[in-house]
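Structures follow.
Next come two complexes, and both contain chain A; in the first it sits with chain B, in the second with chain C.
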Partner chain A sequence: MTGLDDPILPTSIAWGLLAAFSVLWVVLGWWLGRRNKTAEDHMLAGRNVGLALATATAMATWVTANTTMTAPQLALQLGVWGMLGYSLGALGLILFAPLARRIRELMPRGFTSGDFIRLRFGTFTWRVFLVVSLIYAFGWLVSMAMAGGVLINALAGIDYRVGMTVILTVCVVYTLLGGLRAVIGTDFIQTIIIIGGAAFIAWLTIDKVGFEAIHFNLMEERPELLNLLFPAAIMFLFNNLLFGVGEIFHSNVWWSRAFAFGRNVGFRAYLFGGLLWLPIPIVAGFIALATPALGINVPAADMVGPLVAAEVLGLTGAIVVFIVVFAALASSLDSLLAATSDLVTRDIYRGHIRPQASEQHQFHATKVIVVLLGLLTWLAASYRGEIPIVGSLAELLYFTGAFVASAIWPIVAGLYWQKANPQGAAWSMILGSGIGLASYFLIGFYVAALVGAAVSLAVMVLTTWLMPRPFDWGRLARSDAEVPA
Partner chain B sequence: MRLIRPLLPFLFWLPLALSAQPAFDAPPERSTDGGFTLSWEAEDAVVLERATGPDHEDVRIVYEGGDASTVVSGLPDGEYRFRLRAADADTWADEATVVVEHHSLARAFGFFAVGAVVFLVLIGAILRGRPRD
Partner chain C sequence: MTISITALSVIVVIATSVATLTPILLLALFIRDWKKGCLW
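Now for the complex of A and B:
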């Protein structure tokens, strides 16, 4: 039986691949970002990204550590429903398509999701939203840094902290050099690598192991994974869907792209991006079901994807997996670093600390914040397995699920309900997050987002119905570049 | 005595090293989703077995090798007994029992229904899609 004591990828090859792709991403970042002169160039790539690049960045950013590492983990823990349920995350991108169009119409000069919440609901709700948004962004950043370390450890036996540090450093450096323009440009190349690599791995897995062997061994050793009435997996289905919707609807990663894409591009880009993403978690997750047939030991649930792929496909497979997951990680880590630094610069630094900061000053502040975020992420990811919620990728991600799902309704009501109540929006996030978190600890990681979204909906509907507050939509376009006094 | 003195620390540690048997590291007692991670402390390769009865009649080897943990998943309701020994030893060094009791289907479909309602309301809100002004 193979396991971590027997890594497939020789250390020298792993270091060679790491070095080659690190140089590629950093040089591309520098080259793509060399014409950035202002904060708007750096943060929103000139607001004129076309359909091909826009679709690629939507899809590549959504193929993350979550997809390539957590989808197999969920297939291993929750079976067929875990794998299929994960692919429902595509609905987050697809449903954001009409929202992107509306955001662009309402706020043609907007910068961040925080801008919208501040103008739509006022300062108190804005601050609650910033807390929710930053907790999620930080959780996602840490999970991806962890995924980088786990990947390198699982495939090459290189120490987890060393691998995590290298991947995080590379992403910080090229995001720093190129801003959103570099992020979107590298995403395009990374998309091609991800789609090609995932298709190659799936084809080889089915060819080498076969459905019959997979089914027989699952029935013998892990029968619940094939049970369509697996209770935890049934609870997980809508939880994952709402988690994905919450992640995309509230996060500045997706809002900054809605502002950056050219006119009439956002709707189609998010729709096509979602449809392209749909099969990726099924392909990535499926290989985990081959674990019993292959007799592989999985020491930690989040290692299963790379371990199985490397075992089935040998050295070539290990190299392909390494490149695909590195591309997937980099495409998301850079996006999140860029979007979170924008949010911190606009909404915290300019919004709360220095309202009079000039364009040039913000440009520099964004870069300092990218470095600080990188350092904080490194510190938290160093404690994988030592802090309860930083136990495994899925546990950490679904911990943030309660927060993000509770932000769905303030965003949807804010964009479409003219009489949505600002206090209601704040309390829907506070109560949704609180009760969602309680369910995470009392019931399981697979219900936190579902409970958060349901509580948030109830609060938002009740407060809008009982205390309606009419809003003038024109205010958003008139004042979307201002900051609070 | 001068010759023996440098060897004293080794002589002191020798019995401890000989008695270092593999041992489970805080195994879980219950699981509501049929899965958990078992980890252990061991100096060398181990053999981990699983059975459902106290007599270990239906025993099967879960893992044999040098890793220090394994992820168990997909187990139906039941009481599972795990035992651990060094790969080169004849006697079992440690045992752990985990009870798997899945959530009830009523509870599972209750959450499913709540999720479906939230999702349908969301679709409705977006499809209506126009501000009412």
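Now for the complex of A and C:
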């Protein structure tokens, strides 16, 4: 029996793996970014990323530590629907495919999602959007830094703060050195590692435990996990669908890629990325269903994946999980650091503080902001468990659900409805986030995104129907490089 | 309504098979882009 008190990987091996992969990512980041000369090179990798790298970066960024840890956790808590519901997160990538094409057509020289909201809806909505977007980005950053510390501690007994600091520092350094080119290049290798490792663990779990033993023991001990009419799980399924769509539609992580991928690449990259991502939460989550058959005591739900892997595969399993999780963490942390620093540079620094900042000035500013973001994330993640709201990873993740889901309809309306009302877009985010958050506390984490999206849709439709505001699409292409007012 | 062993195993085996083939597909795409000079 395995528990959190017994590290499953010798500390010396863990430090060796950490050192080897840290050096690999940093050297690769430096090498890929050595030709970056302007803010555009650094932020958008030259705007001509090909299909292979584009598909891999879409997948790698969407496979986070939350996928590798929360998918098993949700399978353990919500059963079959937990892992299937998580896999519906792929729809966010698939549905973003046509949006990516539209974004590239409307704003061929755009930089951030904030640029679009500012030009499409004006200053007030832009500021509301920045608040929503930055709350989400910071929540995601902190949740991944926490996941890094928790996993390294549980797998190898390395102190939580030390592990979290190492992984965060490595990501900050190579993102700083290579910008988006480094992020996308490392993402390709990380995707291969993550998916190959997850599939390897799943095949061995099937081989060593077997479906019959898994099914029989679940029926004996946790029959609700096999119930297809588990109400909370079905609610979770729809909530997760909207959460995933909201995360992708609004976040600059995905918009910056839409601007960076070559012409005609974005649509196919997001479509392929989504289709290939779909099975990953099932592969990662399924192994949690083996806990009753293995007789594993799970002291913390978000540690179930690594515990099962180590129980089934011993030292090899622990090593594979460690490498997979390190790759998953790095692939998302780097993307988020790069995209959030771009958003802060363009929309906060250039947009609000120094409107006349030159390209070169922004190039330097984005690097300083990456370091500051890393420091802020480190501070917040250092106090895991000491801030009442920051409980388990899933709770932290779904806390941001109300914010992101409330941004779905303003984005869709902004891209496709010529008469979308700008004030309506702002109020749909404000009311959607507020009422969604209330439902998070009053009902449960699994409804926040659902309620946020529903309220946001109602406000957007109602305001546009009552007060339509015609918009000239050509304005986006003409003025996407202009200095904000 | 409980999911059967067959349904559970079919879902998991298909998902794991797709995940196994994905790295191969990505490497093939990479080689194609590299040969055509359109990696970046």
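Please note the rule applied: the second predicted complex is superposed on the first by the 485 of 485 C-alpha atoms of A that agree within 3 Å, B and C clash if a C-alpha of one lies under 4 Å from a C-alpha of the other, contacts with A are read in each partner's own complex, and residues count from 1 in each chain.
Here, a contact is a pair of C-beta atoms (placed from the backbone, for glycine too) under 8 Å apart; a residue touches a chain by one contact, two chains touch by 3 or more.
Given the structure is predicted, the values throughout are model-derived calculations rather than measurements.
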Which superposed partner A:W31 touches (first chain B, second chain C, both, neither): neither
Chain touching more of chain A, residue-wise (chain B, chain C): B
Which of chain B and chain C A:P223 touches, first, second, both or neither: both
Chain B versus chain C as contact partner of A:L99, first or second or both or neither: first
Chain B versus chain C as contact partner of A:L450, first or second or both or neither: first
Touched partner set for A:F238, first chain B, second chain C, both or neither: first
Touched partner set for A:Q77, first chain B, second chain C, both or neither: first
Which of chain B and chain C A:V298 touches, first, second, both or neither: first
First, second, both or neither for A:F188, with chain B first and chain C second: second
Chain C-contacting residues of chain A that also contact chain B: 223, 226-227, 229
Of chain A, residues touching chain C in the complex: 45-46, 48-53, 55-56, 59, 80, 84, 87, 181, 188, 191-192, 195-196, 198-199, 202-203, 206, 211-212, 214-215, 219, 223, 226-229, 262, 276, 278-280, 282-283, 286
Complex contacts: residues of chain A adjacent to chain B: 1-6, 76-79, 95, 98-99, 102, 218, 221-227, 229-232, 234-235, 237-239, 241-242, 245, 297-301, 304, 408, 412-413, 416-419, 443-444, 446-447, 450-451, 453-454, 457, 473
In the complex with chain A, residue positions of chain B that touch it: 32-35, 37, 60, 63-71, 73-76, 102-105, 107-109, 111-112, 114-119, 121-123, 125-126, 128-133
Partner chain A, residues of chain C touching it in the complex: 1-3, 5, 8-9, 11-16, 18-20, 22-23, 25-27, 29-30, 32-33, 38-40
